[in-house]
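In the two complexes below, subunit A is the common chain; its partner is subunit B in one and subunit C in the other.
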Partner chain A sequence: MGLFGKTSFAAIMRRMFGKKHAKIGIYGPPNVGKTTLANRILRDWTGDIMGSVSEIPHETRIAKWKKDVKIENGNSSLFMDIVDTPGISTKVDYKEFMNIYGLNKDESKQRAKEATEGVIESIRWLEGIDGVLLVMDSTQDPFTQVNITILGNLEARNLPVLIAANKIDMEESSPATLKSAFPQHPVIPISALTGYNSENLYSTMIKQFSRKRKKKRRQ
Partner chain B sequence: MPHQCLKCGKIFEEGSSTVLKGCPSCTGNRFFFTKEPLDDKEREAIYNQTSKDINSKILDILGIDQNDIIDKKGKWITMKPNDVRKALKQHLNVDSNKNQNDNVMEFENLKDTQTQLEKIETEHNNPETINIEKPGKYIIDIKGLLEEEPIIIQKDGTYTIHLPSIFKMLDKEKQN
Partner chain C sequence: MTKNIDGISVNLVSRDKLDEFSSTEKLNFILKEVKKGKVLVLEQGLTPFEQTELIEHTMKEIKQDTFIGIEIEGYSEDKQTFIQKIFKIIKKPRMTVIGPADLLKTIRKDSNMIQTRIIPGTGAK
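And then the complex of A and B:
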């Protein structure tokens, strides 16, 4: 193995067998914990982190891409490229950053502009994505325009979707509401912050996103 | 009565042969074709302009003092190459100054166009396609909308985003 590093060996294997590798986009509205979840996944499987998190919405305004993350569960494993995307919203109000989070006016306006560009960027990244980890806030009403629009478009594109019902560490969370709202997709309640139920998420990810390739071949 | 003798101001019929022969009263041979007779002042100004003979006109153009090339008897002295050179030099100077000015003007125009282009470009760099400056006053990015860029409305720093238009843009790009 001397000359071949671990990654390049894995890459060669992958190229030979051409399977179980998927580019997964982490999507969702702002401030639902997409980057926290991305960090959780990376910390668990690579020891790395994806990006900074903040309680101010639209912290991630440029998509971040981490290649070749291997997640395992018993005998099965999956190589993934993970794309952490900016939050998708229908309205970005700079006054919210000012009044609620205390940023100054210029900062807030700049953040609003970048967040808006981020929304476009997020959706652009859909091109070339094999599966979507859709993060939702289980403390919020799931029937929002953003959730429904994203989900509708993902379904139209035939992309496998896994819904992560995040923030279940919070008292007011109600993952069951999310489950009943979107019965057509697997919904995994998790806490990206504490790591609660992440094992379940990983095994479902392997199942859901490995299946994609086979499905595609049949088409 | 459209022909007027520039020298004495007498009026002649249109097509009168006097124009060819010269004015019978003053022997003037310059006529002005006009509907209304010119007043004395106007007539005089035009007369002075046209009365210069060809020699003095050339001298004017060359910018050389008359005494230098015409002797006291009114005959032309042969011009020396130096005079021609001098005259040419003067002309070229005038021309090049003029050209320089033209260039500066053009450059300024260019700069203007550039800033305008940059302005359009920066406007285009903004994510919004519709900008509400104040209620009732809109700036619409027609180029963006024609190119099926997403519909994003900006009002006072707050953005409203039409998500389906972004998905549509993605599909359009894929087709292309």
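And then the complex of A and C:
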């Protein structure tokens, strides 16, 4: 038995300076690649996948989660419960599923109904998480109200945020725009589809989500 | 939602009026007006928590053939200064425009201007 009894020195240091286990929510608007990224993380670290992906928005309409995913980088590691949340939006129009994506009326209405429930579920998950991987589409304008609302909410809760600037495999992507839009947060350009820069994402996740932060209560 | 064929109401709501409301009253007021087809410009916007609550309430109110949700754009809270942080002075969020999603469409937004378009009759779908 050492100086600290059965508790290792490393455990004491972790207790003082950071944590080893965190519940991380993958958030963002619909169709930015949240589930593709969740699948990438799980495939890389567990060999599993989180869920199906589709070009039709609101494919994920119920939050899915995977517990105890261990992510390592050199000597550091972090266990994460990863929650893949439905996309957050301010509107859901079933006609969009019909007119743009060719679903029939019943399918479209059902998808729209489930999508609205999914948005509510995503917002409620914010209460119980330790950090957020906020996925943005680097081919799109970053100043959307949904991005700003999510970020404002996380900042007000004092939750650690890491922005994944996704889809940088696409020609029109501009991760630099995202970086300049949100200079107060770490922004990692990635392609969840190809896995480009995922090592950098993982090491930043460990760094960002291991930090011990005092959560603010809702006012 | 019934669109007024005589035109679309765009109402500027003063900070004083908004200050009279509790958070819940404010959100109820906004949704009620927007569901009537009105566009609101709030002199003082919503806090981040109010914004997520508004989204949550909006999702509950969606009726597929009559109300598909809201379009909202605004500027977030200014950064707190050192003094404000010390004295815990909460800076209020800034101007915000909110309207029915089938009527109001954001064209462009930057740090100086929010450009929107109101599409009467056919909506913005």
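We adopt the following convention: the second predicted complex is superposed on the first by the 192 of 219 C-alpha atoms of A that agree within 3 Å, B and C clash if a C-alpha of one lies under 4 Å from a C-alpha of the other, contacts with A are read in each partner's own complex, and residues count from 1 in each chain.
In this section, a contact is a pair of C-beta atoms (placed from the backbone, for glycine too) under 8 Å apart; a residue touches a chain by one contact, two chains touch by 3 or more.
None of these values were measured; they are calculated from a predicted model.
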Subunit A as common anchor, with subunit B and subunit C clashing or fitting: clash
Touching partner for A:K109 - first (subunit B), second (subunit C), both, neither: both
First, second, both or neither for A:E127, with subunit B first and subunit C second: first
Which superposed partner A:N153 touches (first subunit B, second subunit C, both, neither): both
Partner chain in contact with A:V119 - subunit B first, subunit C second, else both or neither: both
First, second, both or neither for A:F143, with subunit B first and subunit C second: second
First, second, both or neither for A:T90, with subunit B first and subunit C second: both
Clash-bearing segment of subunit B relative to subunit C, given 3-11, 93-101 or 147-155: 147-155
Contact residues common to both interfaces of subunit A (with subunit B and with subunit C): 88-95, 109, 112-113, 116-117, 119-120, 123, 126, 145, 149-150, 153
Subunit B-touching residues of subunit A, taken from the complex the two chains share: 88-95, 108-109, 112-113, 115-117, 119-120, 123-124, 126-127, 145-146, 149-150, 153
Residues of subunit A touching subunit C in the complex: 88-96, 109, 112-113, 116-117, 119-120, 123, 126, 141, 143, 145, 148-153, 155-156, 218-219
Residues of subunit B touching subunit A in the complex: 126-128, 150, 152, 154, 157-164, 166-167, 169-170, 173-174
Residue ranges of subunit C touching subunit A (in the complex, touch as defined): 47-49, 51-52, 55-56, 58-60, 62, 64, 68-74, 76-77, 101-102, 106, 109-110, 125
